[in-house]
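The two complexes that follow have chain A in common; it is paired with chain B in the first and with chain C in the second.
Moving on to the complex of A and B:
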């Protein structure tokens, strides 16, 4: 599954898009990201699925738009 | 979600002072307005560890930001008696001293315009997926954090 990343995460991952093996839900995705990308370290971020911020575990299915967002700093 | 057309708030580069003047002038025909409130965000040349911020480069998750802004707009209009509201946020590299955010609220009476303007600015900073990268003179950078 493709995941888009923004802000400082583009430096952590070295790209603005990454591909990971499919997982069933956002909790599994978080676990997998922390395993596969130890460089995430303490970098805080939230997940958005189909443009909505994830507040609890969400089931993922093919075609969903998954985005990792560090803390906002607009304005 | 309302079916209203989603307004774009993003502009490439700084918000030009002439554009702000034109925006004010364009309200002359709306004679029900009794007060405007305007907030202008300007890039500050912050000094951080002996380094000076020369510019901020903004990126955004635009689709989500515009949807969220539309929701904020609807909430603001239901909370305050406003005539109109305009929001413009820069993307790309904005030099220190330039304007990067323009929020403009107009209402029959001043308090609604002022309170709505303040709430919109705070919510833009807290709720819109926009990121600023602070660029220093020696080509290094750090990611801005809203406080």
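Moving on to the complex of A and C:
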């Protein structure tokens, strides 16, 4: 399961794309990411599945596009 | 505010299908407030002025530095050290003298944002820090103004149009629907710390200007309810559909009074310089400390019972080198400008040691003196 990340999160993950073992839903994914990468909690980010922001738990299936997008501050 | 314009100047857009005289007239009558005349603000301003937006406000309290010029080509090398808002106005009037441009050189804060926003049709956020971004969002929601958001970091940029209702929605999506609360202080770096490639804010800024022109003219489809991100290294554009939430509305101050009480700087950066009035009194009793009042000369009340040096914020940058070495506490009306002064002096001294800002400012000091007098 591939996850694309942007901005500050590329430093947290060490890459702009990471692969994790498949999980059933976005809640499980976030739980796992918070365990493996505790620093992700510091930035704040939105999670999007198939290019749509997710607010509640959403079922994940293979091939879905998952994006974690933090805020940028510069201008 | 009906304005006449020279059709010749705008001929190439006047002949566009869907645009024409009607759209141009709307542009010439519109009022756009641009927050920040930096990497994003420069292209936004240049293109809005060139396009014939009739009334433009520029808010920026910063001066031009040599390291700004790689991404802020509105300025010349000889402009280094000058105030951005005034210098931008000068160059923009050369470009298009028929535009009315108001340069505002004070910092946007809790005391001026709402009244300022009320005078404009649409707000453009080209600021460079989270405190201003949250302040702009909340003020825009409270005043019911649409705002165009842009932000950059290193090789990536973001763009969105917030607080615009699209018909079916009761309320437009706003910044807090994406990021309800500011990130922990220092966890997301700005351009000064993380760097930025010069062309990036140029691209994002011009797209922000395009959204403003679409909003005013009614031509085309805006980026409402979407977040567009560009990675310039890979030329990847990504458009995410955003979803609003009832919960995030509760994070915005409910009215003007609660907004005025917000402390966006502290919320986003922590307040490491802040001391209470009582702490100040203790310091005054125990040691020698200089108190600098950064209010403007005509601001009242006078501090009769406290010996202060007055260095108004409007000339603080030029005058702060005159502050003698040693402990210094800054004070202003409410504690916002004094905090900014403390940061600026700490930057100049390369240390925040012995630098303080009085929380609540003169208002709290007076309260405390009045209380003491009535005990």
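The definition used in the following text is that the second predicted complex is superposed on the first by the 70 of 75 C-alpha atoms of A that agree within 3 Å, B and C clash if a C-alpha of one lies under 4 Å from a C-alpha of the other, contacts with A are read in each partner's own complex, and residues count from 1 in each chain.
Methods note: a contact is a pair of C-beta atoms (placed from the backbone, for glycine too) under 8 Å apart; a residue touches a chain by one contact, two chains touch by 3 or more.
Given the structure is predicted, the values throughout are model-derived calculations rather than measurements.
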item: First, second, both or neither for A:44, with chain B first and chain C second; value: second
item: Contacts of A:55 with chain B and chain C, given as first, second, both or neither; value: second
item: Residue contacts on chain A - larger count, chain B or chain C; value: C
item: Set of chain A residues, in rising order, touched by both chain B and chain C; value: 6-8, 48, 51, 67, 69-75
item: Residue ranges of chain A touching chain B (in the complex, touch as defined); value: 4, 6-8, 48, 51, 67, 69-75
item: Chain C-touching residues of chain A, taken from the complex the two chains share; value: 6-8, 16, 42-46, 48, 51-55, 67, 69-75
item: Interface residues, chain C side, partner chain A - complex; value: 36, 38-41, 125-130, 133, 150-154, 156-158, 178-184, 187-191, 194, 196, 201, 227, 229, 231, 238-243, 245
item: Chain A contact footprint on chain B (complex, rising order); value: 41, 58-61, 63-65, 67, 89, 100-101, 121, 124-133, 143-146
